[in-house]
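Naming follows writing order (A, B and C), and every chain is counted from residue 1.
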């Protein structure tokens, strides 16, 4: 079975400045994989590369064995990969319900239909209602997304990401800025929503990483210095030196 | 329907709500039919006709601006091309005695608008924002300039004309009298409004809003924003073409002004002043702008200046337009706090009106001196006679303008405070509820 | 023929320098404030009309000094009381504000000075032929216009490269957000930039007024060309604006002075086509197409090279 996501000899430079130098990464299907590393290591760049925001300078990105590097984001999304954003990126003027519904429309085959009433599509209603219940925002259904609290917006962000039914999910620092209690709730939500799917997550909160991940890769200055199970990573001297320090979680 | 969608999802409209909804449209149709019986004069009929055309045009413009976030400076192109083609079509159909009646003709205009939108839309909608605005300007100038070169099609400065009564008659109507034209326009207005409203309730319509709010995120839910914008552009061109066709039928002429920058500017004004954030905004704007331009031009020589000043005022102080301003009060009505702010409005009314009166007085006096210096100085502005040569007038306008402003300023602060109070009361109610 | 080319080149460069006087201000305003000033050509027009009126009362040289200062002051007020409050309503609102402003300025100019051209005369001290090329006298006033444009261009260059404020402006051209982060008094800098930009446009108006027609439709005629220059050159690129200004100045001038058409080159079409649209295109002269060429260029650039010829930023 081919890997869910595979990066082969990925290099990415902006102008003359190399950000990613020769990255090789493989995430198996159904695996929960965390990408950690200090700020500026290139984690967001890696995400942007995988999701099609830009193309690699050289090397290739594969999704379930198929090359996707160079494809525009919407085509990658249609092939079953979805991502969330570090800075909340929702449709601020639309209600929570409408936000989720937008995320559901393509995968229910609506495409650019201009002859159907969107309120009369039972499958769309079902799916949207299901996600709304899953992310526990039922009470805030009709609130414009721009008026939600920060934690609610992050939950909506995750909801939009998984609503389309993609089986490869990329989450970019989903618990950033959350309190301890909010983080715990978010982790439980993520665990539930990504059941049976492949998850690649960037995180700084080590408790989240070690609690959630099956495997961890450590990115430092654009290179992966270690990749393995949480125990491997915890005990790895290079990782400790570069990132974790002596106080591992 | 599963339990989830009944408990979690927004409730489906009940039978009564559906009845109310369709009833509203039926009532609108009835109003349109009865309107000429209430206001039957020739002038009123012409005004209604112009309003109808403007409603269709402004709504078509708002498909771009309010719904998809595309600011166009050249929308008149599709309006004008629709108009020109319809004039030629009427002439050809009339000359060959084809059995095509006038009521169908606006569809030809729509298809023309659609054709050109399909042609020019893909490259136009590649980018949004300022780039789109610039492309729309460039394309519009291109086509408007070409109009003076391609004289056989566009008729040069004089334009092309047609006789709308020469077509195949149905119900024995020749469509010569204005009342028949009014009914034609009213019918098409209703159809167009219903169609454009329906569009907002489709998956495409929802994604247009999404592209407006966050084109980046739209990509990551599987949609190509370019395609969404392109389709919106095509629909917008279609309805603009219908509006242009009705204008051509109404005036029996089409000329390069139909395509020009002024026409593009007017529809922008109408949509924006009405309010681009709501579906009925452009309808309100179309009515307001049409009546204002017809009415003001009788009252003062420089109505266009007032127009521009009103537009700037809306941009500065009420970016949501008239509808936006009204809708802003909806939460207050719901919370019952409307009477907190109403008194402050009344209080501010007098000084604000005084300020505006001072401005108008100054403008009209200056106009007298610069535009008609030789005329008798006893002029009328807005129906009120005064002597422009008297130095007292300058004093009065200065007092009104400056004094009005100084007093009004305090009242505007009062209004803001009243809003704050209303907001606090509403929040308290929320907490205790 | 050679005479035509030389004269057209001189005129073309002159027109290009005038365009650059305006385009430079527009580019810097766009880069720093993020707003494409629809009313920029209106300040050009204000410069011309203020110049006309002041030169009627106090003479041309006073007008050359005072008119741009007046226009620049209005520009500062527009930024402070108009653009700054609108800024929080988004880019669309800013663009619409400048659009409304352009409209209102044109109306006011029409009210005060009327719709016909005004008699803005070349000052008698400059009204003589500078030199004779082949058989044509080239007016000294045009050389004066060229000299003023070059002088201002040189001054701009010095300010940009050698002064602190120039450094900030250069930085803002490519990284506008950073300027605020660096702790400069952004408000004051914006007012200054807008004021100087509009004053430059006004200078162009004062010196162009006597040579070209000073009329209330000046802004509407020149405005779109100005946008073409700025977009073709690349929003945010001063060198690009310079190149594009000269390019378009030369193209326009040559197109107007040449007078070919397909008709002239290949002879008339058969009479069967005489009154069709084909005949229109066949008979159209290059001079007639001249007004359209910049827009074709604009659309082509926006499609194929949206960052412009030398631009570094996307719109």
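The rule we apply is simple: a residue touches a chain if its C-beta (ideal position, glycine included) is under 8 Å from a C-beta of that chain, and two chains touch if they have at least 3 such contacts.
None of the values given here were measured: they were computed from a predicted structure.
Asker: Measuring centre to centre with C-alpha atoms, which chain is farthest from subunit B?
Answerer: Of all the other chains, the one whose centre lies farthest from subunit B is A.
Asker: Taking the mean of all protein CA atoms as the centre, name the chain whose own CA mean is closest to it.
Answerer: Located nearest the centre of all protein C-alpha atoms is chain B.
Asker: So the centre of each chain is just the mean of its C-alpha atoms; given that, what is the distance between subunit A and subunit B in Å?
Answerer: Centres of subunit A and subunit B (C-alpha means) sit 43 Å apart.
Asker: So, what's the distance in Å between the C-alpha centres of subunit C and subunit B?
Answerer: Going by mean C-alpha positions, subunit B sits 32 Å from subunit C.
Asker: In whole angstrom, what separates the CA-based centres of subunit A and subunit C?
Answerer: The computed centroid separation for subunit A versus subunit C comes out at 49 Å.
Asker: Please output the residues of subunit A touching subunit B within their complex, sorted ascending.
Answerer: Within the complex, subunit A touches subunit B at residues 51-52, 72-74, 77-78, 82-83, 85, 89-94, 97-98, 101-103, 105-107, 110-119, 121-122, 125-126, 128-130, 132-133, 138, 141-142, 160-161, 163-164.
Asker: Name, in rising order, each residue of subunit B that touches subunit C in their complex.
Answerer: So the residues of subunit B touching subunit C come out as 65, 69, 71, 73, 123, 126-127, 129-131, 133-135, 137-139, 141-142, 145-146, 149-153, 261, 265, 268, 272, 302, 304-305, 308-309, 311-312, 315-316, 319, 366-367, 370-371.
Asker: Of all residues in subunit B, which touch subunit A in the complex?
Answerer: Within the complex, subunit B contacts subunit A at residues 1-2, 4-5, 8-10, 12-13, 198-199, 201-207, 209-210, 213-214, 216-225, 227-228, 231, 235.
Asker: So in the complex, the part of subunit C that touches subunit B is made up of which residues?
Answerer: 36, 82, 85-86, 89, 91-93, 95-97, 99-101, 103-104, 107-108, 111-114, 220, 224, 227-228, 231, 275-277, 279-281, 284, 288-289, 291-292, 295-296, 298-299, 302-303, 306, 314-315
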